[in-house]
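Heads up, the next two complexes both have chain A, just with different partners, chain B and then chain C.
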Partner chain A sequence: MMDVGLGPLGNAALYLALAFSVWGIVAGAIGAIRRDARLLTSARLAGVATFLAMTASIAIMEIALLTDDFSVSYVASTSRAGNPLWVKMVTLWAALEGSLLLWGWLLSGYWALLSIVAPNSPLRAWALTTMAVVQTFFVLVPAVIAPPFEVISPAPLDGPGPNPLLQNHWMMAVHPFLMYLGFVGLTVPFAFAMSALLSGRPGSEWMLQTRRWTLIGWGFLTAAIITGGWWSYEVLGWGGYWAWDPVENVSFLPWLTATAFLHSVQVQERRHMLKGWNLLLIILTFSLTLLGTFLTRSGVVSSVHAFGDGPVGPAFLTFFLIVMAGSFGLVAWRWDGIRDRADLDHPVSREGSFLAGNVIFLAIAFAILLGTLFPLIVEAFTGDKVTVGAPFFDQATLPLWMGVLLLMGIGPLLPWRRANTQTLRGNLAWMTGAGVIAAAVAYAFGLRGIYPILTVGLSGWNLASLTLLLLGAVVPRMRVGTRSVVQVLTGYAFENRRRFGSMIVHFGVVVMALGIMASSAYRIDEQVRIEVGDTMPFQDLTFTVQDTFMETTEYRVGAGAVVDVHRDGSLLTTLRPKINTFFGQSMNVPTPDVLYLPLYDVYLNIAAGVTPDSEFVVLRVVRSPLVAWVWIAGFIMAFGTAFALIPSRRGVRGTQRAPKGSSVA
Partner chain B sequence: MTRVLVVLAITASLGGLFLWGLLRGSPDREVESARLNRQVISFDLPLYPRFQGTFGPTLNLATELNDKPVIVNFWATWCGPCYDEAPHLQAAWQRYQDDVLIIGVQTQDRGKRVEGEAFLDRFGITFPNVIDDDSRVSIDYGLFGVPETFFVRRDGTLLYKHTGPITLDKLEEKIAELTAS
Partner chain C sequence: MMRRVLLLALIALLAPLPTGFAQTDDTVAMGEQLEARVFEISRKLRCPTCVSESVADSNAGISIEMRNEIQAQLQAGASEAEILAFFQDRYGDWILLEPPRRGIHLVVWWLPGIALAAGVIGLTTLMVRWTRNAQQATHEAQADDADLARVRAALQGDSETSS
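Let's look at the complex of A and B:
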């Protein structure tokens, strides 16, 4: 019997997936043009078949990783025989080739699902064909351009293991997965938008059919960005979570445009306006996911997240340019058919505020894109090398974020078309009152500076707005029945899932704004040197270095210090910051230890190497107020999104029109 | 039509900018070793048993330099490219062992003796190989990764450092420079 290695087997699965996805394009396009039902069914089956083939390739790669088959190039370059099981499993997306394979697999999952569940509408054929085109690119990458299944002969006996920064925290198992689910989720509305343009039906159909997919993609992207920040906080050792690094920026760009899209589709849904705008936004969102991948995987923009350069950069650039020219070109070509016929009745209306919000989100996205590309542009024209750092991004976007918070409070309270001035005045009075009181309390507690005080004031404004929204919903219902407050509230929440979910998300945004403000404006970051056995006061805390330690596990050596943290004479906790060195890697990984408290975090990191006979330790101490609330806010936002997505008993698969009066915002 | 042209123009200019960014290459990635022409740090490391008959239990770089210039090659059993370059090193050793000493240093590979023996067997390696079990020497030499190969003149200064798998051609070129100096 011939012995076939896992490498060729994996490649076979990929080539099969490539054949199926190409067939998906051919059958889909010819079927759509000729309206041939048999071809269209075949194209749908191609989606399912591609998914099965991609699943096989993923399974083969996992088997190779788990059985330490170092004849497979990806395993040889990123895995290590002695690693724990969970690390081996997630090594699949610990480096470029594997993570692109994962992307292709998740995409095929969405395509297959869409092939099965998408309702039989005139849009389906071209939407699935667009999915097939995108899928073909994402199979071509692992099959030809960045192949993970190359055969290495002779096979090495062991590998170096994944990047130690990724081995050092379980969060890394989650973050890339969420990111790709987000990117892939936003491919679905893009595909339907393309279909709307190709089939000459640029009305609201495409957007109604994909509302749920958009929200899913957006939710995953949100969760991915927040877990990325959390990982950075727990692993990188500087006590921060956002550094305006190009990789962070480019993951944020599609989030901004997707957020704008999420709001402006409602204007189209209710008022049949912004048709062209929405098409442009979703195309922009999808293009930005490709641009981001290109920028970060090509070495064109320098970043600390070096994925190295290679053939992947040019491939993504080519695909990005094709998508740009093709999709925006299509919009330009069809523009006369998609131009709005309705006009804004009045700027002070729900749609007016959504439109203003859209402009702000796009302005933020533009500022970030400009800041990220600026070094490249300058170098291209003058040859000078410049960098754009956090101060630019902070100064350019902070006023705009304040605008977002302002509009977030007022928008949901405004009715469509035109506001009733009297109700509006009443609401504004309450909100302004709450905002002013909150700002005054903040000032009394010692907050200074325009942005911290504004943030607190606007948080008060938003909390008042959310309260008014809830009261407006609950009070009339209380009057007509005999149910208790809790019953009415749960009844309202479950009857208006999108609206209630949006309120939860908005509440999460307020919590997040407060967390970001406090942790960045009032963070204390110092380096201290403490003799072993000594005690040192720090703010309202004291640190006692009990001992140093060295621990060896099967996978790594850790050397660090045992530090008792006291407040008011009582022991809060014992922290054990250390530096890990993984076997097979020469790089040292700082492993901070964090005490999470509601009011502030105490973050200790070893700043200079410790040996068992060290007489002192150098610690980096970061005390960030309210930083834990950034992660809690992430959970709240994810919960709100999930709540809005709970299928309603009336709706089937979420592809029907939502009940009147509900909205996501 | 004008709109389509505008879209194409924007795409083309973005494409031009990024293409330039790609073609510009990665600036300053190739940094010459700061240790060039300086004294390398000597080491005294245990040898694999099969070489102990010729050299004794340990091998000292400074002592060997009294005799000939030395090529120090760092490798590990988990390192794929090391398997590619091993035959080249062995071939160079067979041709030039009268002019130069090649020393293999197994590094960042704690406790992997059995695997190390298998590596030596696989390529029939006959030049001496030592074990840098706590990776101290790799730190002394400022290794980024394995394989890396250092060409040391008889006076103990560094002539050249090679990063990544080395080929017989490159070895011959640098051995000529070593023996000429």
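Let's look at the complex of A and C:
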């Protein structure tokens, strides 16, 4: 042999990472038990070393992808020599083996970062050891179970390229990355929770130390789910963004439990109760990310006949079971230190509303998990095939979502411990008034049906609540000083970043609720056949098919139609929906073209193949109101999360050394 | 004042909606209504050859044929229930995206509600117990005059140092 190929080199990096992460477990555990500072330092270095080795493996894979080294199995099965540069780069996570490698790399990044920045507390040793355990699994997967670095000899001359649905849109470069950042972000609070149990300090310390990590993980997961919806809107060609598909559902489950966790940790922080519950929630959240990967990567859900197809599914199932058994075992072991005598001054209080919200979030998660698994369970026991589709998920979760919106309005206005009846009545009057007016206005403008009207009403209720919150913060501050409204408001926002950030996120949720309601309940679908050169009216628009076209690039052939969209005689835009066929792939990929407007989107998709000499085109036309606001809401929520994360000038733990005069909350 | 502002804000927010929602009623309205019905019904049927798409959302050949069939049956005067039954006869319950409310499917319909009820009952029970705990705690922690004097002194000292 001449020189070492990239495949063996990549494998060497992975085995190195495996050795480092196993050392991280051994040194961490022994160091923690013996309180050996040198071993613990060694374990921290193992985290950094693992990250470096994983980075090397990622770099080797990228080099293999960019230099078209088809002797590497992953490159041979998912890349293609003629593809554009950016597609080759993101091909890293376009298929199973590569995306698990990416997951392992991002995890090692968090572990290394944590090794460096985590404060030297009694929790650190076991937290890093837990990270090492999780990391070991995520190195074992690419090293042994789903290896991307197999050597193929003789190397093929070219590969088929990634799944065409993935190379058809740039958002593919963003969505999986965000998803894994969310998943691994939520591993950090899980690791600290395990450490709290292992080191016998199941108080609130683990939770306070990981507050920001939790928020980071949650923020990435939120952004990932929304960009996933956007990607499916732009690529799948049916004009929707959420189909209650199993893959979507299982990515949504950890988000739901993480959202519940985000709220209930505040109860523990302020009122020192729910210790056990919060541990349960973070265990559940982390386990659900594993269960979701098992369900979607093993082919169990989409097709029962593929059960056990490939070793990745069973590996995740095994790790899921180990995590569940291990963490619940720890909870049982430490139960005496966890159970506490909880005091609740009054159910109508901040903590009361957060608890009710928790029940609702978990009920939603349960309904979705059940609906996703039900066909599988029934087929396993009776052999019958059943379908649980979108109508079930809508009907089962919509009432609960209304409950979420209701509580989201009232919760932040309630003080901790006990609400002042007088203030509460006043607030409720304003909010109910706003809600009723909003619902009435919606009705007057032609909205019908219980959920649309309820959604608008509850949006009014929530906007009133947010207004009251801001007024409650700003008005007293205006009275005591001579500063302008803007100064007071920015001052308040930056002094109370978490609270103000949460208001932004909640506002984003309202916008999203309106967008989802309008775009799902008032969407208009049509399939039209238009002769080339003809004009067809559609609602208040007209479509003119100018021409058909066929374009060939280095990578694909696209065939579609040029359609002018007019409203009131003036040209709004020219849309060019087409169908792409990528070289090396047989599948045709619909490539819709969308006119984004504030009030509604016009979505055109080619429904039947077009050739240059076609005399007509068949278009799928979708007009969904307010759908753009779903994405805008996503940006608002991401911004709110980022705002809450801005480090305070008073230092990260500013709440602990409250300076004088800070009691004016 | 605030009510006016709120109301105006709401109207401003919602005023543009009708252009987004209202259906234009011109000559093609009939055809559009039929089309809308076709999609409404086909949204309840599963595309037989896809992984998890409805007949409305899929552009697979069989879905287009099924939509044409629905349109033909609607034009012939069939009701939604009759059309769904037509497909159910041929494919079984499996074709319905909304599980029928009978037999084994009742499990999936009832369990979420039962789980929610259990959650609510559990939470209520806990809340009652916790509220009792709190009352007991305040009862046990009843301060006597000496305690109050100490607190007053401490508060005074505090306000002097901090202001």
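Keep in mind that, in the parts below, the second predicted complex is superposed on the first by the 642 of 665 C-alpha atoms of A that agree within 3 Å, B and C clash if a C-alpha of one lies under 4 Å from a C-alpha of the other, contacts with A are read in each partner's own complex, and residues count from 1 in each chain.
Just so we're on the same page, a contact is a pair of C-beta atoms (placed from the backbone, for glycine too) under 8 Å apart; a residue touches a chain by one contact, two chains touch by 3 or more.
Only a predicted model underlies this, so the values are computations on that prediction, with no experimental measurement involved.
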Worksheet item: Aligned on chain A, chain B and chain C: do they clash or fit?
Response: fit
Discussion item. Once chain A of both complexes is superposed, is A:Leu123 in touch with chain B (first), chain C (second), both, or neither?
Written reply: neither
Worksheet item: Touching A:Ala380 in the superposition: chain B (first), chain C (second), both, neither?
Response: first
Worksheet item: Looking at the overlay, what does A:Ala367 touch: chain B (first), chain C (second), both, or neither?
Response: second
Worksheet item: After superposition on the shared chain, which partner residues are touched by A:Ala332: those of chain B (first), chain C (second), both, or neither?
Response: first
Practice prompt. Based on the superposed arrangement, let me know which partner A:Gln527 touches: chain B (first), chain C (second), both, or neither?
Written response: second
Worksheet item: Does the superposition put A:Met402 against chain B (first), chain C (second), both, or neither?
Response: neither
Discussion item. Can you tell me whether chain B or chain C touches more residues on chain A?
Written reply: C
Worksheet, complete the sentence: Least Cα-Cα separation in the three-chain superposition, chain B to chain C, whole Å, stands at 12
Fill in: Shared chain A contacts, counted only where both chain B and chain C touch the same residue
385
Practice prompt. Would you pull the chain A residues touching chain B in the complex into a rising list?
Written response: 70, 73, 76-77, 80, 152, 154, 156-160, 294, 298-301, 309, 313-314, 317, 321, 324-325, 328-329, 331-333, 335, 373, 376-377, 379-380, 385, 583-586
Worksheet item: Where on chain B does chain A make contact in their complex?
Response: 3-4, 6-8, 10-11, 14-15, 17-22, 24, 26-27, 76-80, 82-83, 108-110, 112, 115, 118-119, 122, 135, 138-139, 143, 145
Discussion item. Which stretch or stretches of chain A touch chain C in the complex?
Written reply: 237-240, 243-246, 273, 302-303, 341-347, 352, 355-356, 359-360, 362-363, 366-367, 370-371, 374, 378, 382, 384-392, 395-396, 400, 430, 433-434, 437-438, 441-442, 445-447, 456, 460, 463-464, 467, 518, 522, 524-527, 537, 539-540, 590, 598-600, 605, 607-608, 620, 625-626, 660-661
Worksheet, complete the sentence: Residue positions on chain C within touch of chain A in the complex are 2-3, 6-7, 9-11, 14, 16-24, 26, 28, 32, 35-36, 39, 43-44, 46, 51-54, 56-59, 64, 67, 92-99, 104-105, 107-109, 111-112, 115-116, 119-120, 123, 126-127, 130-131, 133-134, 137, 162
